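Written out below as structure tokens is the structure these notes cover.
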């Protein structure tokens, strides 16, 4: 879990506003693409430098979406400051992939940062996550991700095919669509967790091993992380919906409130999973106690039956000169009788106590 | 428990506002019925399409109640948008049976969504629940359920017989009556839980098995779910009572406040049941510890008595040439004497320690 | 614990405002008495119907206190609506003995509902409780209890003897005096609990049995119930003190604030008792663990001493032809020497480890 | 712990405002002393009755401090009502030594009540505490304690020697100095607890006995009590600092804010101690589990080594006619060889598993 | 942990405002250095007394930074009152190294106090911490630390080299830079903890000893302490950012908000570590239970196999005259056969139950 906050120390001692990429380098090249569209036309182009996007921005009746994938090329991205007028502290936040989700209204543009989760593969419970920064300006949206990601593909497709309202509405609707795609993805991640937990609950009950416990703790760690990401997201989306920024049109507000409801739903689901987890810990611990109890019972039944019998046969193993029973004709068989009676009595006693 | 949030992923990637029924298909056909009444007359009719309800709505001095049962026929219900002017996002909420209870005042109409619980049958602790959406307009109420449900039958009966004030009052009172019926049902579900828990408490104390624990955890899951449904309901009913919508008359507000009190009461009861549950877990775990303790005592008593005795008889089983006791006339009987004294001493000791 | 919410289902399906007595019938006959007083005179009379109280109400310079004991005669009490103008929903609340404490200001009168606790008898930890409704009008107070109760007797006595200020002050002071008597009673109930708990703490430490645990859980349930009754009471008294109703005179407000302080004190005491209880659970569980530990030690000491000795004597019970020790003159006594040395060594070892 | 709320029942049934001393009688005689001072002069006098203080009060340019020690002489103190105009409910609060800390601004005077703790002696973890009431009027301060207490001595000394600003400033500064002395004392009590806990943590780890647990629970009880005393004190001091009473000068407000910071600090320390305590409980329980584990290991090692050996020697104790090994020349020594190999193997196995 | 509040008692009984150094003396000499700079020039000087700094303050267009290291020379520092007009209670706070982080706006200057943490060395989990007081005036900043500390060195370096904006901006930016340096250091401390915890989690799972538990508790104590230091810091930084003091320029506010975000991040990380810790406690306790379970299983397997076998061989150790089996030719070998069958059966049984 600690892997998540092992990053900041790189920056200690540097002057504030210094641009350093904090986080793992998730991709090799920094990809930049522009999609420029209005209801009538759509144009796509790969960008070599941010400066190439300038001409698109001049067209007031169209929306320009600049997608940046990859954060480590600090110099290339630093031009966001000169071309789009992004404040140095916002730039610092973009490069620092360890941000809490938040939204900041800076007048000319709105900065939104969120965490994006990816569906996990196989048995790995660690969530792959990355940070996505969105800058919403008057007629442009810049989305900055740490690496290429399929989450935004449906939006690109909808833009190209012109499905839904996305081509008819402005930059704010595009920003909303991006956030919506990210939040919808949360449900998928939670469903995967839900399924994993159900199989783990089975394991906790039937075969509690230290590995089960470890897995429970790992998922707990992931849930804590998810929770820490979604709570501030709720606030961010809420204040976006309430913000009276001219960048956000009234028609978009209803959509933002809808995402707000979704984040509340996500939080509810996370809390439910957390409750399931703490229930699983209880199940685990009591299964363990149960197993110890069973082991003890086995020992007790065997020992309680045979220890007295061993005593009995020990008695007639003694070498005293005068032991009348030893001379008896049926002595040996009588002892077997006593042994069988004692053993049967014990068994009946244990059966009665339902061991 | 996870079954409750396995639904949303269907929608990921679709444009927002897309109408998809999220949830299990609980009924085969979509039933639609209209009840049209004022103090003087009452008319009932099965509807084939929503369009048939239009003439009723024109009559300003009567209330039109449209009951829809079954959600999966998306096309049929999509006409709510054109005939009643329902916003597409509200329609999306109606189809998504995974909503948190809420109320939204949209000016021309108020949208309320709640969870309805059904009494359980037999030993099954899983609560059957479904979503009910209520649209309250100027002179109409639309109730949309996932399947036919007996909960609203008493209201239909009261309307037909004209019992109580329901025929004399407006659409807002009808909406209130529906919510009240749903909330009253919560008490029944909680009582059933209360009874189940009492029998489980007995079991936890007397015969704690892993199944008991599993049942405790299951009920806990249901209580968490109930709680998550009722807390937002309280808010929804509270804001309905406080809303200054012209759709809600002053006389109805007192009734809404009364439901508000009921939801608070439901929450109190849920919290009490939750406290009982955590008490049961403690009882379960300590009963388990107690049983292990008893098993240990049995083992200890038997082993502690017979192990020393076995040693004693072992001594006289030795084959040394010179063992004076073996020659004694009463040696064997003396050993029996020692054995009896030791055993009696042990028993007295255990009796004293109250084992 | 569940016994406390097994009541509401009676009402499900009935129209709201329907008068049904929810709760156990605690008394056979419904008693009604009026006390009519001012500083100069006092008159007492048993009422056969509420209508008989009408003449008293006309006298503006005196206070009329109507005491009703017993709730099940719905028809008799329904006249509160016509004679005193009580709202039907308030009447419904009066009959439903499962109310949360609350106060409602309805302009002409204030409705206050609280729980009254009775001192318990003997070992029973279940609190006997009943609901008391108080209606405070301009010059009258109606107190409605579920059965005859000694709690209000001191007030009746003070009225008759004219002790204190009660005869000099108005109806609001009388209402205050009733609430004060009820709240003072809480302290007595809590003291009884405190005493019971101290003896249980002793038991948890010395002789932890499943019955102890059960008793702890029972008291816990009662404390939860108490707490749920007193928290809303605090709010109710607080809003009574803050309310600017003309029915409450300024001089009375200081007294109400005093009760408010008392309810806060009661809550503090309840929280303290709850903390004690969770401490007792810890003591119980660790006493149990301690006892298992002691049992284990006994077993271990005995087994660890005698199992090796049994082995030693077993060695010389072997029947090999050539066992030189067996022929030795002092062999037998040497074995005893070894046995004693081993046993003594073990004992010293256990003494050192402080078993 | 319950000893703390065994007091109120004395009052149940009495009219409100009745003056009864609730609490233990902590001193025999009621001491009363007046200190009358301004920057220039200081006069001290023992009072026989409160009436003797009247002349001092007339002097507007000096401060009169009346110290009362002992609460049980109700009649003597009742004169506070006539001479100083103290409200009867405040008087009731003064006599009831079971008050939550609070401050009440009554216009002509401010009433402050707090708990004073005394350093404990020896091993006793029970905190000795008493209630101190402070009445701050225009030019006088009345401090009422349950018995003589050294806590205020430094203030008396400073007044006499004229050290610090105390003689230069007004009655409000004197009241502040008294509260400050009381709060400073809290730090001493907490330090004593801190030291006790450190030695208990040692004990929990090394030698966990039921007595340790009991001591942990006792301290926990005291911490709960402390916490309940300090939280409302914080509020009381805060509202004193914020109050706009003319009795409190602007220069004093900074000092009151300083005490406010101190109470926050005290709360922080209490919370830290509480966290330590719950950590100690975990340590205690796991030490217990550890010891059981060790006992089990001892038993297992001994039993696992000797039980198989006993079996081996048992084999050669059989009396079959035809047992070829018994005839072998080196049979006996071979058996010893087997025994030693088995025992050594077991020991190596246990060593490897680090038992 | 208690070491943290063992300091205040020194002051009890002293008049408020008395200057006493509360805390450990962390350095021998009190170092004082002034750095005087604007964009053009920078001057450094060691100060012998605070009076020497007076000339620098007169220059309105430059910033004076006075660094004080060491608190115990009360007289030297007391001159802050006369030269800079610092309020005596603020001085008291500076000397008392047991302060909660806070900021106070006193009009002419702002007082900020925070805790500074130092990276730990080796295995010691105790955090070295000290208090840093910052006084921000119109054109000066005074930083007061308990001893020399490398944390501020990067700021001194940046000032000297003129890197970043620090020389171009005012005293408020310098104060910001100091707070930023302190907060950045928190991340380093948390990373160290994160690493330590990961190795401890390993230990809890594989080899749970009482020392592991002790270490968990120690770290828990440190986290509690950290948390108590950072929560009020967040408030302090927040109110600094919101304060409308003319001492803080608008351009600096964005930087302060950035620190605010960092403190929130620190709190998040602390909470995550705390959750990890409570997970580790669970792991520890269940590993312990697991080990006991394994010990029990070993014992049970050995005892369950050999106790019945010992009984069997005991039977044929009896000395009865008439025991037909003893005479049989293959009796001895038949017994070995039975022994092997029983032992094999047991082993298969245990294998099946997966012991």
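Per-chain numbering from 1; labels A, B, C, D and E assigned in written order.
The rule is simple: a residue touches a chain if its C-beta (ideal position, glycine included) is under 8 Å from a C-beta of that chain, and two chains touch if they have at least 3 such contacts.
Everything numeric in this text was worked out from a predicted model, so none of it was measured.
Asker: Same or different: at the chain D/chain E interface, is the fraction of residue numbers used by both copies above or below half?
Answerer: different
Asker: What is the distance, in whole Å, between the centres of chain C and chain D, each centre taken as the mean of its C-alpha atoms?
Answerer: 27
Asker: Mind checking the centre-to-centre distance between chain A and chain D? Centres are C-alpha means, answer in whole Å.
Answerer: Centre separation, chain A to chain D: 43 Å.
Asker: Any chance you could list the residues of chain B touching two or more other chains?
Answerer: Residue numbers touching two or more other chains: 285, 289, 292, 296, 299, 303, 307, 310, 314, 317-319, 323.
Asker: Following the ring of touching chains from chain B through chain C, in what sequence do all chains appear?
Answerer: B, C, D, E, A
Asker: For chain E, which residues are in contact with chain A within the complex?
Answerer: For chain E paired with chain A, touching residues are 154, 158, 163-166, 176-177, 180-181, 184-185, 187-188, 190-191, 194-195, 197-198, 205, 254-255, 258, 261, 264-265, 268-269, 271-273, 275-276, 279, 282-283, 285-287, 289-290, 292-293, 296-297, 299-300, 303-304, 307-308, 310-311, 314-315, 317-323, 354-355.
Asker: So in the complex, which bits of chain E are touching chain D?
Answerer: The touching residues are 1-2, 4-6, 8-9, 11-18, 87, 89, 92, 98-100, 102, 207, 210, 213-214, 217, 220-221, 224-225, 228, 281, 284-285, 288-289, 291-292, 295-296, 298-299, 302-303, 306-307, 309-310, 313-314, 316-319, 323, 325-332, 335.
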